[in-house]
């Protein structure tokens, strides 16, 4: 029963803040709502006995990605509070389409007979994850490492001031 | 890891640490200090190597076996584990010791040598950079030596290549030096290309990249007649191809016949570099590799190795006769000696070749450092024709150099069983070759030999050494085509090296005499000649090493490391005592036969050189006039550079010219022709057809398209968000359809 | 309702997914679109972990989710770098302003 | 001006008529509350699950409130006696109260340990709130005292008698009453949220922070990572707060903070990897128990690399907690107070609480990872017999060998180090901060990580080299500890000379 209570509580947080993202018109508030979603999802991971994943979600997503996003918001807009309201027609179309999609998906999900659930969550501990990553998933793991390197270089390259207005290097 | 392995690994890592230190703070350490850091590091490695060697010496075979520990598994490549570990055997230890010891001498020498050079680039001294490179080089070489898998060996191999590039091109502001560096690098790449293909074959067919595992797989593959042995390409079995391709790496690195051109040019680097890389260690890597992959070589591949070695040693020795640059003489003599080692590997004289490698490392480092001393003393004069009589100015250099000359010439007293390094090592190689050509045949194709009772078959001087260490008396059946017998080798493979054994003392004596003896030929050079103490100390140490590092010290160590070659015939030289224990067989007949053939070659060579050069250059020049065509051929090094220039560069230029002509005349002509035709046709159609009938129709179509486009374009707003919306809409429709269906 | 099963998580993920899509489709701010993308990725993550929790033999879902988190971080970094450039170029980060290639 | 004496301070503020009534009400309410708490506690033993948790939490709150009411009754009835008592025993009482709050919050967990985890969580949060608020008020007073001593002053001396120990409590009361100011043009919602977004992670990391092997809210297998993650989360609140203040100094402060914390998370993570590598786990209790065998087994003294890692970890936590010399986000000489400029009253207090909570957590984490966790320098094995003996032996074991008091002591010591550094070192510039991170911390931690890897691969435990270096590091650490201790003793002995003429003898407690 605790699981149910915890799930509904967290689901409310996650869904609520996701909906907050939808209705917010201020980008910084959207970021705050995203924080709620991310944190909630992290706790959901904990609920599903994926402790390591939950922590990684917090440390990378909430602690890293979100800060980058907020940084981006503040770097790219002198008046980040400028409200860019969606066009009425777009909002209407978007709402209809998304509600349609949601309805369809939920119907499908409820209709599908999922295999009998495991009652007890299997705990996959950190050691297991580490071993899997360095054996079965070695190639994807290395590819992701290379990708991260490329992203690091790419981001640094893209974000550097272009030729003329480069500041003199400090020595 | 066992203590021994820890010692070695730390010994490998110390030079790396020194490299890192010098690379980051070397500039701040300043001129002599940076060098001493490197010296300290390599000296520490030498101490560790000595400790390891002594410890190894005191161990029983069981303890030695127990000292191995499981290698680290780095990754799994499919089902093949990539492991890194220490290959612990006598060869590793002795090579480790040799590399560190010789390097230490050279490092000390370098501190003196480089201190006197102006080496500023943009106002910053690159003194520390030199020692950083040297340290990195030592690290890679030591890693290569202890590597227990072909992959790790290959990694170290490439690091060694990189370091040689950096060091040869150390004076990169000099065009010739940077060219030489590029040449060395590119030439080595050609060999490495073969090596990596061979590596791929090992991976694909043997499925194990560790040395021991690959050998085991090779043996199993042979026993089961796997695809490697049954499939043929161009009439040669894949196993042979694999061996030859792996050997390609050694061809590049050890400057063997088709790829030998880089080594003489590499003399553009500072002299200590020449001593370190091109005498003692790097070129030795090729021979070392051949020794390690020896167990993967089929008899055909061995023959290939032998032929390459034979060609190399003869070409290089002949060219060395006419060189006037002291360093180039040494370079060609190096190539020639490497040829001997490779030949030795090819004919199966595994132990002898490695023995020669070790002795050669000492005396060649000695001579290179001696030449460095001379060059430095004579203010960067490298032409021997301008030297002469330097004995009085630099006596220590002169006499230590003579020790090297005696060693390379193979001086010794045949009957007394006394001689310098080359005397024994070269003799052993030749003895094995002799045996392969003229030795007594053994019977049958089925051999059962046991270690330890070899002597019971007096005439069977050949043993099929199986992995007898583990299962003595194992019976190995092998078919005729894999079974090289004595008397099957072409006599040329024996007689050419013998001939060259007469040439070697000649050109070495010529070099020494022209440099140190006779009358000074250039007063200016003579007047300024001097020698410095810091630089001749290593010379003395190396000379002592040359004197002692001979038969009794190194030979048993190498013999103890002899692999358990499979499918190959390991021949051995004279060392009955040591070899007996190892199960190799000895042919005393070979040595007895060799004494009259080549035993006094050094006397003849020295005598000829002395006669020719004792009064300076006049006699030699007259001789050169008489033999003008031959002399020209030798001076131009058999036109190898020109040949490569013509075939490779010229070939490319020729293809370019053909393409250009084709482009210009055929294609351009066709294009022009079609253009002209088109112009005519279009003028007709444009005026008559187009403006009349077609335009109307086209305009109608155009207008229709425009209208339609305007209609269709409306959703194509070029806005990302709307596209997302459309895509979402599509998915929603699909999902809803799924739900309703 | 009290026994939490796979469906619960999947429905929640579907909601998150639709919210993300809506945000991506309507927000007139490039960073908003990025936030939408993060929502969508989180929905995927929940799905994967839920499958690994409730289905036997699908334990690898956690690893896939791990990769999603890492890739999302990479995506955010590169996207922000692009937005900064975009902002320098156009003075705004309204994605609708970037329609120069519009036909 | 008439002199304000201690007697004045201790005079009762209640009129003769109001006093009995107040005493009646307070004592009555207190008794009711305490009885209610007891009843609920008894009831809770029969309950299970969620209702158990709620009952326990309510019971704890009731107990605390009831205790406070009874205390108030005593104060009102005997103001003079209580005043004198506080004057004499103020600090010990205060520290006892800290311990008591923790014990009260934790007792149910320890008494009924096999209840659902969620119960432990609720209780852990209650305990953490209590601990954090008490610790923060203590630490603020402590910081002011240390600052005063370092600057040859006395610091707060008046409130509460002995060395002004109640200063923070008085300040706290004041902060509660202050007006809640919202900056004009700022985003009110975000402005309000920001304080909580900062405070909640700082608080919730105490759930995973073990005070001893048993005193831990949740002994997670990823506890260490969780704490680090929550460390990083507080930044978002700071960023939001800085942005919502609509003030460029706040904004600069927030950006600096984000910049700095993100950058220093990398060396922090690298330093963390070393204890993780040694212990082979992320579970903090396991890491702590690894260091039970006396101070030479503490991780910092294992070998030179762990020692360096301990130092880099300390430096990186300084930056993460934005303490001097990395206190750029709130550099008062440049940015007024950085992101906190516009905050006042209770919200400001939340930021301060979060900061001091993080400081303590950082100190405690340093202790757990590198400096013997909750173990005393004596090997825990010596006291193994006491650990299972009767209650008084167990208590003694907790004091002498290993227990939460040791961790709190070590945590406070590292907080003291942070305070000490703040009042000793100058603030460095932002570019120097980043330079120090990228050019110094990062390479050093990377090299140490590499070296530790090789160390573990190549040097077997118990070999001569390992033992020798362990010994050397231990001796070094012991020397540093002795040095600090001797400086402290020197300072205590010659405190009058050091403080100089500013000592005013008639001040209470001087």
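Should a chain be cited, it is by its letter among A, B, C and D, assigned in written order, with residues numbered from 1 in that chain.
As a working rule, a contact is a pair of C-beta atoms (placed from the backbone, for glycine too) under 8 Å apart; a residue touches a chain by one contact, two chains touch by 3 or more.
Just so it is clear, the model here is predicted, and its values are computed rather than measured.
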Between subunit C and subunit D, centroid-to-centroid distance (C-alpha), Å: 38
Intercentroid distance (Cα basis), subunit B paired with subunit A, Å: 54
Would you kindly tell me how far, in whole Å, the mean C-alpha position of subunit D lies from that of subunit A? 32
Going by residue number, subunit A touches two or more other chains at 1, 31, 52, 56, 64, 71, 90, 94, 97-98, 101, 105
Would you pick out the residues of subunit D that each touch at least 2 other chains? none
Flagged in subunit C as touching 2+ other chains are 21, 25-28
Arrangement of touching chains [line / ring / star / complete / other]: other
Name the touching chain pairs, would you? A-B, A-C, A-D, B-C, B-D
In the complex, subunit B touches subunit C at residues 713, 716-722, 724-725, 728
For subunit B, which residues are in contact with subunit A within the complex? 75-76, 721-722, 725, 728-729, 731-733, 735-736, 738-739
Complex contact set, residues of subunit D against subunit A: 49-50, 116, 118, 187, 189-190, 193, 197, 220-222, 225-226, 228-230, 232-233, 235-236, 239-240, 243-244, 251, 255, 258, 262, 265, 281-282, 431
In the complex, go through subunit C and note every residue touching subunit A. 1-12, 14-23, 25-32, 34-36, 38-39, 42, 45-46, 49-50, 52-56, 59-60, 62-63, 65-67, 69-74, 76-88, 92-94
Any idea which subunit D residues touch subunit B in the complex? 454, 457-458
